[in-house]
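Think of it as A, B, C and D in the order they're written, each chain with its own count starting at 1.
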Amino acid sequence: MTQQRWQKNAEWPLTIAAIVFLVAYAWEVIADLEGVAGVTAESIIWATWVIFMVDYVANLALAPQRWGWFRGHIFDLLVVVLPVLRPLRLLRVITLLTVLKRTAGAAFRERVVVYVAGASILLVFVASLAVLDADRSAPNSNITTFGDALWWAFVTITTVGYGDFSPVTDAGRLIAGGLMLGGIALLGVVTATLASWIVERVAQQEEDSRVATHGEIRALVQQIAELQATLDATAKTESSRASTTGH
Amino acid sequence: MTQQRWQKNAEWPLTIAAIVFLVAYAWEVIADLEGVAGVTAESIIWATWVIFMVDYVANLALAPQRWGWFRGHIFDLLVVVLPVLRPLRLLRVITLLTVLKRTAGAAFRERVVVYVAGASILLVFVASLAVLDADRSAPNSNITTFGDALWWAFVTITTVGYGDFSPVTDAGRLIAGGLMLGGIALLGVVTATLASWIVERVAQQEEDSRVATHGEIRALVQQIAELQATLDATAKTESSRASTTGH
Amino acid sequence: MTQQRWQKNAEWPLTIAAIVFLVAYAWEVIADLEGVAGVTAESIIWATWVIFMVDYVANLALAPQRWGWFRGHIFDLLVVVLPVLRPLRLLRVITLLTVLKRTAGAAFRERVVVYVAGASILLVFVASLAVLDADRSAPNSNITTFGDALWWAFVTITTVGYGDFSPVTDAGRLIAGGLMLGGIALLGVVTATLASWIVERVAQQEEDSRVATHGEIRALVQQIAELQATLDATAKTESSRASTTGH
Amino acid sequence: MTQQRWQKNAEWPLTIAAIVFLVAYAWEVIADLEGVAGVTAESIIWATWVIFMVDYVANLALAPQRWGWFRGHIFDLLVVVLPVLRPLRLLRVITLLTVLKRTAGAAFRERVVVYVAGASILLVFVASLAVLDADRSAPNSNITTFGDALWWAFVTITTVGYGDFSPVTDAGRLIAGGLMLGGIALLGVVTATLASWIVERVAQQEEDSRVATHGEIRALVQQIAELQATLDATAKTESSRASTTGH
């Protein structure tokens, strides 16, 4: 079977696996599970990991040119082979964004907005989980409840950064770094979308000084073509008469 | 009577109700009212709530297709049916923005600026009230006077975030979240408006490399039309003479 | 004499007065002057105030329609009549920006950059002076040296906001507010200028899909005009011959 | 030999010198070298300085008009003649950006992105080294390990600014200032690039209302030229026949 078919069929299972993983992980972290419950959650998480692993191997096997696909998916490799690095495991959640991609509306700007909003919410949620997981048990850490973690993540992605909470472990700071980059991206996309919208609106308002469009140029082209036609007609009658008179 | 007429007539009463509500709420919170005064303020606030309630019901009753209107105004519903959540009550103030919309000038960019400036000031003012209301009495809260709340709100909406003050209650943090999003929007609109303005100015300056406008294209079209006319004329004289000579 | 002439002649004296004022103020604040030196600095500051006062009155007197000019210069009025509010005195420095306006280069974007850079530096410098002046003597204030004030101002205008220093007096917070707005403006202008520049560069690169310019349209118009001319010529020879043959 | 040839030949040696310098400096600072190791690192750093010095002198000597080149390279002068100011020494690293310039792809936006990403990473790395170097030994400084310095630099360039770490020495704050400006530039470029991209995508989508391009106008011009040609042909046959009939 081809890679296309595999990917088509694998999409939903992967999405569900990502959701299951996220739920299990959230449950484990927020409830700070111990004993049986903890083991259950962990095993669910590992089960989802197996699914991603299988998908990666299958893709590699079915890829028309393996080496090319491999080189183009180093990131997926990291996600799959380094599940030991707990924060990295969360990258699986990115699979969920593909859903957003589909569900999004037609107009480009709308799509961008939906996508960014979804990605930001997911990022904030995942980052708070991961930071709580990483920092909770650290000495002199101040992020110890999910509420605080969520608050910290929001304060960080908006680049406000009160500093009432901040990660102290390396893992926590790595996650924070990702969150800050997310914040810059968020700010950038919001501004850029607004700019493109305002530029458009301003143009629409002052109708006459509106930018010339492809459509208008096409109209022009067509008009001139007709002109050409008439001219050719005239030329023909000319020459025909020319011959008759010449005779 | 139609929904349009209702909305037209209801606009001013609602605006006034929103102002009265805001004043009463500000008075109650800033003065930290007790006893009779407190009861008075509360009853005024509830009175304004009744007005909004009536408006919502009337709209629902007069809407041509009820279900459609209902689905399109979930937000209004929340504002009306959840006044118990004190912060949510403040959303009524949004009514005031409709006034801004009208009073604003003609040019699109000017309108955006006026609107955003007004919305930001309102947001800062309302958020400081709400945070003070939520956090004042909380243990180990550091926002205890309106001055501090105002300062905190300003530091937050500009995304500076010193952290000398920050909310500790869930309600307070919810409000802070709204304020931060407002800050990102503010930053975005300011930048976007400036961008659209600079792009325009740059274009105007280098007259010759200015973008071609709708107006210019229209001129072209007209010019070519005349050309066509002359050509048709020539063609006619041609053919007429063709016949005479043919004769 | 006309208002134009007055303003032309007054420009340099005002600029110098603003510089003198700034130097005297900086000297007074940084050195925390007492006794004779303090009195000297204060009197210099008041002297400069007189100059601004005179300029305002003269403008009002010479204005073609007084009321219109008055309404359009409320801000200048505040600067002049409220020198008691120490922070407000600093607004005189705005006069210096007019110099920047002149010295700036031709191209619009370059001018914007020079102007914003100059304004930001001035803002940071003035704000640190004012905050130091306002907070130094306040209880539990942490801005006590000019170095700290400068550092604080820079951290604030870039919206980083560590919170290691922050004003505690109302005057100080007022100044901080101005500085934060300055920061948002700074961020906005930098981004907007970059955007307009990148959009331009991208367009230049892909020559063919470059936006159609005014210049190109002008060329087109001219080309069609020539076409029209040739056509008219043909038409004339036509008709003339038509008459000859008709004869 | 000409300046061009010198610069062409000097480019790689300078790049390597910058890398060697950076490595030696990083090694010295991170490992907080003492004794022999410290002396070794220092001497390597001075050796690289000599290379930059030689390059500067050679450029000055080979420049067609010395004075012009000198005036246009004050910055290089500072880098070379003030190596005593330890932070300034780091400016040599800027040489590395020239490599980025070359390695970057074709499309303008891609190039901008690569360039900015590279510059930011370099800036963060260098700034953390410099701040650690400057603040480590200062009393009541809180940046004492490279990990903390890196974290601080990242928190600063993203303008989040928790304030859990912040420099206390003048040198450290100078570096921080540069980092903050870098942050504003970063934010600006990200947003601007996104804006230019979104504007383009939106335009592409709504094909018909796409902006008229240079290419389309060129097509038009050509079309009209052909029209002119036909017309001239007609005119010629006209006149020729005119003469024959006239005969």
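Criterion: a contact is a pair of C-beta atoms (placed from the backbone, for glycine too) under 8 Å apart; a residue touches a chain by one contact, two chains touch by 3 or more.
As the structure is a computational prediction, the values presented were derived from the model and not from experiment.
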Note to self: Please tell me whether the contact surfaces of chain A and chain B are same or different in residue numbering, using the over-half criterion.
What the structure shows: different
Margin query: Rounded to the nearest 5 degrees, how far is chain B rotated relative to chain C when their C-alpha atoms are superposed?
Written below: 90
Checklist line | Whole-Å gap between the CA centroids of chain A and chain B | finding: 28
Notebook entry, point to check: When the centre of a chain is set as the mean of its C-alpha atoms, what distance in Å lies between chain B and chain D?
Noted result: 40
Checklist line | chain C residues counted as touching two or more neighbouring chains | finding: 159-163, 187, 191-192, 195, 199, 211-213, 216-217, 220, 224, 227, 231, 234, 238, 245
Margin query: Quick check: in the complex, which residue numbers of chain A touch chain B?
Written below: 147, 151, 154-155, 158-164, 186-187, 190-195, 197-199, 201-202, 205, 207-213, 216-217, 219-220, 223-224, 226-227, 230-231, 233-234, 237-238, 241, 244-245
Next item on the list: Name, in rising order, each residue of chain D that touches chain C in their complex.
Entry: 107-109, 112, 156, 159-163, 166, 170, 173, 176-177, 180-181, 183-185, 187-189, 191-193, 195-196, 199-200, 211-218, 220-221, 224-225, 227-228, 231-232, 234-235, 238-239, 242, 245-246
Check: Can you name the residues of chain B that touch chain D in the complex?
Finding: 159-163, 191-192, 195, 211-212, 217
